[in-house]
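Given below, in the form of structure tokens, are the structures.
The same subunit A turns up in both complexes below, where it pairs with subunit B and then with subunit C.
Moving on, here comes the complex of A and B:
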């Protein structure tokens, strides 16, 4: 399922990041959505809604498991660490409600997936933002 | 029958769609497992984590061990299907008893979802995922609250759900209708009970660290299959009313005809930073003596220390109404012993049956949960149960003398739960 070498390199790189990473939430450039509120991001990332507010399907992406970035993102989003998020998704998945976000193996992989799918939504550190994606939410905004 | 037809149709539709549009259909497989070793230290009463499973005492590696597999099948933009099998130590080992989910779902908009097939009840906070040890704090859902609830944990029918963000919170309302058959064993014999016209309404509100759920449910007790109960009711019905007037009312109380069970439950979870506090209370109203009116509930407090969570819970379940008193038949002087003896024996058997079914117990547990790996949790838990005299309805008691005694039971459990 996971390439251990890539995961280790990824984890080593992510560990260099500070705990309070500044994130942006991004979508495919062709997505009609131009902005989301924090609550709308929560609704999608916590499996409450499976679509964007306009009704189009949403496919959330996660950064690798056990990375500081993923942990930090969920702490900033819903004040829950990855351990709690994993238990939360086990509840949703096995109660038949929803499937968890797809896990990318790196930020580059997340950007590639975002570029290739109009339904994808992801989060990346603001300093790794590229023109290939569209920002719909910034964590330093209310 | 209608709901059996729905579940069959849902499965056939899923299968046909899968074959016809295999290129566009995506199936994803996942699973969960708990491997548990436990010891129940009382030889007089046998422990079972729920009503559907084998009860025993002493050491057991099967009592709380579970293996579950699930397929999530995306059929089209708004259509999907979920099938889930769970293998556990059920007393009744029919294949159908292991099918937990098999439904077809249509989402006409982001706020609405309609499901048909075999569904899970969301009557309680944990009743949608009672088998997924990875997802909750304890080694098993609280015994007093979830043991009997397992009989209607899954049902065949339809439900409709409405979800809506409200300010900073999220509200989910669900209405469900269906039937289910609880397949149990009693004294080694098949004991099947139909719950017909099962209707459940639930409202769940999530706000920051808080989750609140209120639900009400109602079901008619339908047909049953249990030869011993048949014979017992027939004997009560054969007693002439002047000889033993109570025989008719006892027969009516044990028979499933015209019996309705009503239930209301309230659950609350607070999960913030290091604290995880959860409590539920449920009240049932039922004239049927096999599942009489109860009140049950628990409070659980957990505190996280990095990857280890320490927890403790107290739980209670007890009869709400006065226990039926069985009065002995009265005979005229000179009545032959051939008449009096069988009736006296029937009265004693009736009293034993009434006493055997009463639930009155409480428990306390302490334990620890350790997140070993991303997908693996190890837990240990010690439960101390105090079963009151004539209160062992949730336990296996083979010797009638043990029904009238108080019992104290310690259950030690170590488990490893994972998802994959």
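Moving on, here comes the complex of A and C:
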């Protein structure tokens, strides 16, 4: 039962370091989009838009929650931790209109999904970037 | 509806009325103040409500999620405090509740982008339901008024109870026991019932009334005894006044009769009339000037409280002699009251006509000869003396004739004394017929001797002589002593004239006597003067 508390303390400590984790938002190589603004990334990830700005359907991917990368990503994107994001989606669960991103099992799984689907959009730490995907947004650019 | 006059009804009613009025006033005031307060509170509540819903609304607007938006709006709308709500998102999204009145001012909450602080995704507008609030305020006002009314009624009831118990009932008792008291019947003036140990105002009042009544009772009893005594006295005096044989009246300062008794009326009213001819006393008694002077003098003279006067007066065709007693009334009380008002005069009248007539008769009989009704010698002597004195004082002459009848003794002897008396009476009548002036004196001096006297300014001997001869001729006329018998007598006269012949009556009488005897001696039926003029 003490776990959530310990976890929270751990997260808090980790958050200080998490800033250093640098993410890039990537899409399938065939996707027409070459770059996205932070706001467009937010709107896609938070379920506001189901498509890319050019009208193509968009399917966001999440990293597994256990990896702590997901938490790090959302903190950088919308300054909210993973729990808050989960609560956000839980609230929208019965509305049915917006859907949360599909969760990948691992970064490798995410990369594979991105490679196979032209609609997918995902995030990966910049040090694990491969040529198989196209970067449309970099956090440090701001 | 007639409201009872009883205090225990009126006082509580008045209190209740005031309570209700105050209640209505204060309720109305508190209604308007409370309404505004409630509106403000409601506005705050609605604002808080809106703010509570803002987050969800933001997400709904952010996601353009109409269903969620609808849910929020219905949620807000289901609240009694909310009259309507509207959610405006970016683009075309606009959800509002049914029957929204746009004219009203709503609470507008901007919906901030959930992930980006400086971006707005829409507005949530909530309209507070003022009507509902008004209704609520009215409902609470009604409750309040009803409560106050009930409270007023209860207070009024208990005030009534208290007033009745402590004020009205004791006063009623007091009034009832007071009503049995009749001031004209002192026996009913007994003590009022007072509760033992009642020290409140009513108890004190009762005690006050009791002591007052005690005093009053004493006073009234005394007054009553006094009055009875006075009435008794008054009726006695009235009886005296009414039944007195003397006429009694009171005159005011103008000599007007103010009061009189029946005897007075009887004396001074014409028979058959019930009123006095005049209320002015002097006029009533004919002798106005004399009486007015007398009354004036009575009033002016302090040392003469009473004056008596015999007055002769004519009432109708009667001549009355009234003995009047005038008394100045100096009533002490009236003096004290109005200074010199003691101007009342009491008059007491006795009818002395009979006595006066008897006196007159007695005096007449004393002064006159019973046979001839001429003056007798005694009174004649006195009157001659007076007449002489008067003539001497007033430079007049007194003619004195001494008449002696001739041939009288034979008549007396022949026909008797009765016949003689008739001759004397006839002769006296003849003398009186000649000497009928007021100052003339006719005296029967002796048996057949007469004296007549007359006062004259100037003496004319011829005239006197003629008169004397006329007398003789008159006397010599025959006198019937019975139906068919007549006799003849004559007379001899001696005359003296004062003051020429003397200034003393006796001297004059002697001289006249001498002259008369000289005539008798020288042949009867003659006249002789003592001294030729």
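Remarks
Criterion: the second predicted complex is superposed on the first by the 122 of 142 C-alpha atoms of A that agree within 3 Å, B and C clash if a C-alpha of one lies under 4 Å from a C-alpha of the other, contacts with A are read in each partner's own complex, and residues count from 1 in each chain.
In the analysis below, a contact is a pair of C-beta atoms (placed from the backbone, for glycine too) under 8 Å apart; a residue touches a chain by one contact, two chains touch by 3 or more.
All of these numbers come straight from a predicted model, not from anything done at the bench.
In the superposition on chain A, A:29 contacts neither subunit B nor subunit C. Within the superposed three-chain model, A:65 lies in touch with subunit B and out of touch with subunit C [touch as defined at top].
By the touch criterion defined above, A:93 reaches subunit B but does not reach subunit C. Once the two complexes are overlaid on the shared chain, A:83 sits against subunit B while remaining clear of subunit C.
Applying the stated contact rule after C-alpha superposition, one finds that A:50 touches subunit B and leaves subunit C untouched.
More residues of subunit A are touched by B (comparison of subunit B with subunit C).
Looking at subunit A, you'll find residues 39, 48, 79-80, 91, 95-97 touch subunit B in one structure and subunit C in the other. Residues 39, 43, 48-51, 53, 55, 57, 65-66, 79-80, 82-84, 86-87, 90-91, 93-97, 99 of subunit A touch subunit B in their complex.
Against subunit C, the residues of subunit A that register as touching in their complex are 39, 42, 46-48, 77-80, 88, 91-92, 95-98. Those residues of subunit B that touch subunit A in the shared complex are 28, 30, 32, 68, 70, 72, 77, 82, 84, 101, 103, 107, 109-110, 120, 122, 128-129, 131-132, 134-136, 163, 165, 168, 170, 208-209, 271-273, 307, 371, 374-375, 419.
If you check the complex, the residues on subunit C that touch subunit A are 56, 59, 62-65, 67-68, 114-116.
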